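Have a look at these structures, which come just after this line.
In the two complexes that follow, chain A is the common piece, with chain B as its partner first and chain C second.
Let's look at the complex of A and B:
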């Protein structure tokens, strides 16, 4: 594999991990989030600061990164998840802008210069780069997918599906809306944090614009194209939206136009996403109809 | 007489200047079907929502099995073992009929952080949920998406979910409205069977015929107040009830 292909593949896998987190929040629990890039950024900045200022190794920092991302998710989720639908969408957009502004204007976070000099990940005394780092990312993607799979089979996951479908009825069955929305939110932001840590150690330089609002939209677009609530949707969506820009490099100026068209077509003809119920891909592959998660 | 299973004393709820429920007393004893009857706007649904925790009472107490439940959130009331249905059905549309009942079966899991991470796909759970579906006559539709069911079946599904939550007490919110005659008759038979299994039932209804046929006792509300209580035949001849429903001669009933 050429270095170019490995670079694209690594970024796709990292995005897939982050979108898995978004899938838990939006796809499973039905809580719209337009600010997921903020948590991706919080993970990346935490990892970068721990590595450069705290001299932590990637492995030592990783549990902290996931914990801190989850905790910030909990803190920001507490007020946000009390509002619904459009209001939640606007609140999460707000979170994205605030977090980006904090990274950009607080000197501790490197300001406009961002944070550079992030070391590579070491494993058994070897610096991981190229294909080795891609393998590491794939390993974490597998872990995240396993966690998602297990979540959909757990009572907590079932409670989230119920909340997504009909909150009042779910509450009448003993499901605390706040508790289970927060559970999904913390799990999802923790996964975003993990993706952020991998991103920071891969790029080795990060700045606030890497985690701006358009990134949140891209993440959500990946999920929608793949099919919200489907286990494999984040991977499929990340591959499609990761590869397409490379294929269409000659018409880079029209990329946003192309994306918009693609999204509109999806929403018009395949509202459930490519892996959603009754989609042409599902029919073509003769997949069984999706279960609870679909 | 033994202590009531559900006891309501001095229950009031005001919305601004409107007294939706005004100092209502009511007792529900184990094993009975109590009807809560009244014309539209009498405060039945508000009363119901006060019991279920959707609204917080302005005054008064609600005791279930001797413990106070007023002021609890809906999920906490459910956790005490009170199942309810919704007048406007609220299925988990994208989930299957079986999964809908499984959600309700999780009632003993959702309260404890340590218990909510196990799998709901076990065979024991499935069998218990299927048994509930068989009880309400939906077993052969278990795999169907709940959103595709007609109203009559959705009402049955709601009852199955309520039974999973409240093995002792279920509150039925106008389960009969909007159904055809045959469906009403079948649902009446179902409610009777449930009572025979030892479940206590509070029934909200404005359909007189259904209430009279099913209930052991009836409480009648009008303008938020309790205007009568008694057996169906007593209620039928109660002048206050007749007035509330039909108005008195020469005097129009205020809307």
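Let's look at the complex of A and C:
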């Protein structure tokens, strides 16, 4: 594999991990989030700061990174208990802009210069780069997918699905909306944090714009194209939206036009996403309906 | 006494849906609240379940004041609601819908036994157990909503307009079922209905609601003899 392909593949896998987190929040628990890049960024900045200023190893920092991202997610998930639907969408956009501004204007976070000099990940005394780092990312993607799979089959997952469908009816069944919305936020933002840590150690230089609002939109677009609530949707969406820009390189000036057209076609013909209930891909593969599938 | 509601007031903005309604349900009773559309029946059940905010009033359940409790805590205390228009979880399968009903209760109830019993009561649900609830007809969804409420073996069942959208044959069956659950299984039921005739037939006591206030109450036998009730709710002035 050429370095070029490995680079693209690595970023796709990292994005897939982050989108898995978004899937837990939006797809499983039904809480719209347009600010997921903020948590991706919080993970990346925490990992970068711990590595450069705290001299933590990637492995030593990782539990802290996931914990901090999850805790911030818990804090910022609180608005979801009060507002819903379009108001929640606007609130999460706000969170994204605030987090980006903090990274950009607070000197501790490197300001406009960002944070550089982030070391590579070491494993058994070997610096992981290229294909080895891709394998590491794939390993974490597998872990995240396994957690998602377990979640969709757990009682907590069932509680989240019920809340997504009919909040009042779910509450009338003894399911606490507060508890499970926050569970979804913590789990989802924790996964975003993991993706952020991988991103920081891969790019080795990060700045606030890496986690701006358009990134949140891209993450959500990946999820929508794949099919919200489907286990494999994040991977499929990340592959499609990760590969397309590369394929469209010769017609780079018209890329946004293609994107827009693609999204419009999706909304018109496959509103549930490529892996959604009743999609052409599902019919082709003769997949059985799954409860998580939208 | 299992449930006592005192001076309930429910308002949506400036619109007063319920003003000063009081009632009680004893253990083992089947009580109806009847009244026309917009009389405030659904608001009362919502307030009892905790999904509609109460402007004023007190709800005492099983000796405890539950007025301030959120819905999920009331559910855990043994109250179950069969909501108006079923409100099943559309993308979850029939079985999964049933499972939400025993969330946190699965150690307290003999699950396999309950499911077998419910599938026997509603054979159509057994046939469709793996289908998403959205693919069920209105009547089937209503049956699923009843089964979902019954699976946890509740202490108090609140039933909201169960006859709405059901075909007449099924209405009879559902009322028979509620009567059977009450008489032979000792289930306490509070029934809210537009279909006054059917609900008065199976209940022991009833409250008659008009634009948010209670205008009559008593034994169903007496109410069914009351000429005014007959004229307005039972559709017959003479016998």
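Some observations on this one:
The working rule: the second predicted complex is superposed on the first by the 289 of 294 C-alpha atoms of A that agree within 3 Å, B and C clash if a C-alpha of one lies under 4 Å from a C-alpha of the other, contacts with A are read in each partner's own complex, and residues count from 1 in each chain.
Quick note on the criterion: a contact is a pair of C-beta atoms (placed from the backbone, for glycine too) under 8 Å apart; a residue touches a chain by one contact, two chains touch by 3 or more.
Here the structure is a predicted model, which means the values were calculated and not measured.
When both complexes are superposed on chain A, chain B and chain C end up clashing with one another. In the superposition on chain A, A:260 makes contact with neither chain B nor chain C.
Residue contacts after overlaying the shared chain place A:170 against chain B and chain C alike. Of the two partner chains, neither chain B nor chain C is touched by A:57.
In the superposition on chain A, contact of A:159 is made with both chain B and chain C.
Put simply, chain A uses residues 155, 158-159, 161-162, 165-166, 168-177, 291, 294 to touch chain B in one complex and chain C in the other. By the touch criterion stated above, chain A contacts chain B in their complex at residues 153-156, 158-159, 161-162, 165-166, 168-177, 179-180, 291-292, 294. Only residues 49-51, 70-72, 75-76, 80-81, 83, 87-93, 96, 99-101, 103-105, 131-132, 148, 152 of chain C touch chain A when the two sit together in their complex.
Residues of chain B that touch chain A in their complex: 52, 54, 73-75, 78-79, 83-84, 86, 90-96, 99, 102-104, 106-111, 115-121, 161, 164-165.
Residues of chain A touching chain C in their complex: 155, 158-159, 161-162, 165-166, 168-177, 229, 277, 289, 291, 293-294.
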